[in-house]
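In what follows, a structure is listed as structure tokens, so that the remarks can point back to it.
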């Protein structure tokens, strides 16, 4: 049953050194505030799982939190490279990063299988590509009816899922809307789940009968962090801060500018900073 | 691309003798009007697929439309037996009916796999039951990672899916809300799809960003039949006519009362009768 | 003074008592639905009820006639598709208690809801398994409610629709099943629980006024009793009132044309 | 008189022209997105655009910077989850055209977006496959847009991220793939289509003012030409205006802080 906790306490209670952690959010609702708290608490030896490691994972990798990355597309969307990810893979800085690389279809299916309690996912995938040559976890099964050989990947069963959602109610039920990504699947596939939300409401009020809601009993802790997805966005709350994605290209390119930025904007800050960032952005519009 | 047609024309164009046909609707939105039109047009040798063959399939089977039934629970929900289904299985009346029997989980997974373009579905199912002994289509695969043996069923790929939905827009997009059942999966798994709706609107208007909508290019034909789910229900339009489900028990128990009812209420009627039935029900409330 | 009650009532109330506030229950239509909603309306207001039609955490004010009545959807936290229900919620291991019944049960609480007589030439074609085959193995534990009779409580099932304790002992474990299976069978006469070793369903409590003879006369195998057999606590006045109000509300709602 | 245009513009406009009103297009960010939306704003108003973030039939007024901008969701018919997108819509065979690009391409239109250099010790770690490996085999056909250069158009890929025509001939069919693969490769210099027999990408039209020498100088293999090579029709004034307005609207939207 979900407890409502301050973010620092929630991370303290839920994320441990050496965990496999899936922080999801497909462009929309990326849990930046929770990721920053993990960095501040110096979690180490994490296996980071995410379809699209972007700025947040660039930061976690650059700060040395991760030993291993499971992913399918690692770039700064619409901008270019993730220089901290590249520095880790190309030069082993700050230390060696092991990668397990998939396609989006395989990652999405692996979460789906995890949520469904299955040990593996089946897809018509990877045909004619080199990925199975470099990722021994890509295997196959034969259809018992048609003889077709299909690709398999192991289900994702992370120790922890971390997502940002729109709102929670007093019971700890969590509502998402808009681009849903794989967040629901990540939470249901995980052993423990930490959800940051824009706000807690007494009642979700009128909504679709089929609204995307994670019941309280699927969530370990909820932390209220307004703006917690910034510079990603929260549908109906604030827009994606596209300009920062472009700025990151300059910040992350060199180790020293990266470290200076992290010190100023993460290590010496608290989760409250996110609400202020959103307010500043909205005032500038 | 969905064409909007009168129901009789739509059935004429889409449902052929010998087809495998999935008429779905999980208590909610059962396509009674479309089923009656299929009976009036005397389709024969159908393979009828449905998780919960209930009154509508009792009628189709009793009228001799079906050679084969693929299902997981065949009863009158909350009431008791389907006497026409039982008469076909127990006594071969009006002719022999072959059955392929599954569990709900397997049927739901088989539709899901069909929608996903896979030849089979994997589930942790049928353990310790006799169903695999009587249904040779239940097989297994071994997980390439854990060695666990899991059940498989062939994907459903019906020739035709028939569903009833709430509304369509002018482009032929179709909206469902409430209890969704397996309708979306049935349509996406099928070669052709026929959808009856309560109404056609210019625009769906304000709605959830994640509303359950079947795009026009997944639907072969839309027919407007207000009340077309009666005595099942359409969320926001009319309630389930529970009293009729109880009445059916008496009607279907004997062959002659069944045939008389079918003649009076189906064979000599048109799809317009459904709107009148709903009006009568609502007036009585 | 104990109020008067009917056999169905003590059966439903005894089943309801076994449900806890923290439980997530996969509910079937009929007596399971009555018992689960009674628990919610009495001692377990926070209990989570799931129906296979996709309704999560539903709070109906009347009992549904069907598994997918509009009432279930309108009072639910949300409603998911049926494939999702069976994949993420049931198979995903999110349900603590599943409720089952059947036409036939054997002493290891295996159930038959498929056929009486041979499968290919049945004497009675029953509705079939529905959700039961996977409910029986995916839920944390299984409660069964069935009125007792020689026709229903049989020495050998005509067909195994859903697994109970199989042939007894560690049979479930041998099949790779990690859940507990039937932990409680509530009838109109008594309550059975599995013997810890043999897993045979064993009487642990007898409803007030019922004799061992009556139990044996309505059972197709030789009934075993636990070392200590209790008397089932009779329904309280408030339990009975809650159950009867629920049924009365339901009758009014379904009696009216819709 | 032909209006002035830039190489990127004729590339985008030529790609847009190949899209039909009835197409269902799986759109990637960047030039594919510009081409697909240009088609929608000009000759194919009924075209269906899908982005892998789950947005079905989206009609953005500005180009998204990311694959999941709010604009895509707000203007979509509806938005589904990402697992559903890859399962029901892409793998389910509901997409007629997939748009791809890459860092490297070979003469059979296989693509590399994974690494330059060896996989374990890459010279450049590229973003990776994303949706491409399954887009390449699940969509009815594939259009590729890439500016031509010796660094990108290579004799041998460092890594095959997504299948084009493999080693040529009937290679796709031998792998059991039922879709057509890359049927069109539009560059800033010319248009390639696969030779019907060898499946080698072959120049079928050359953009106005471009020479065969320029094409060869920017290609890492010996370029083959179709028996009849056309001149690409230059962008019309209205196509150019529509494209430039789209980019201007986009710049205004993204230039403003959000």
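Some observations on this one:
Order as written gives the chain letters A, B, C and D; numbering starts at 1 within each chain.
As a convention for this text, contacts are C-beta pairs under 8 Å (C-beta built on N, C-alpha and C of every residue); 3 or more make two chains touch, one makes a residue touch a chain.
As the structure is a computational prediction, the values presented were derived from the model and not from experiment.
Counted as hops between touching chains, the shortest connection from subunit C to subunit D is 2. Between the chain pairs A-C and B-C, more C-beta pairs are in contact across B-C. Our note on geometry: subunit A versus subunit B, Cα centroid distance of 39 Å, whole angstroms.
Spacing of subunit A relative to subunit D, judged by their CA centroids, is 28 angstrom. Each of residues 73, 79-80, 87, 91, 138 in subunit C touches at least two other chains.
Under the contact definition stated at the top, the residues of subunit A that touch 2 or more other chains are 117-118, 123-124, 148, 178, 180, 185, 209-212, 235. Pairwise chain contacts in this structure: A-B, A-C, A-D, B-C, B-D.
Subunit C contributes residues 22, 24, 48, 56-57, 73-74, 76-80, 87-88, 91-94, 138 to its touches with subunit A in the complex. Of all residues in subunit D, those touching subunit A in their complex are 29-30, 52-55, 64-70, 72-73, 79-83, 85-87, 90-91, 110, 114, 119-120, 122-125, 127-134, 136-138, 159-163, 166, 171-172, 175-177, 254-258. Residue ranges of subunit A in contact with subunit C, taken from their complex: 1, 115-118, 173, 185, 188, 209-213, 215, 217-218. Interface residues of subunit B facing subunit A in the complex, by the touch rule stated above, are 117-120, 122-124, 137, 139-146, 148, 150, 152, 154, 177-178, 180, 207-212, 235.
Within the complex, the subunit A residues that touch subunit D are 26-28, 51-52, 71-75, 77-79, 81-82, 85-86, 89-90, 101-105, 108-109, 111-112, 123-131, 134, 148-149, 178-182, 184-185, 233, 235, 238-243, 245, 281, 284-285.
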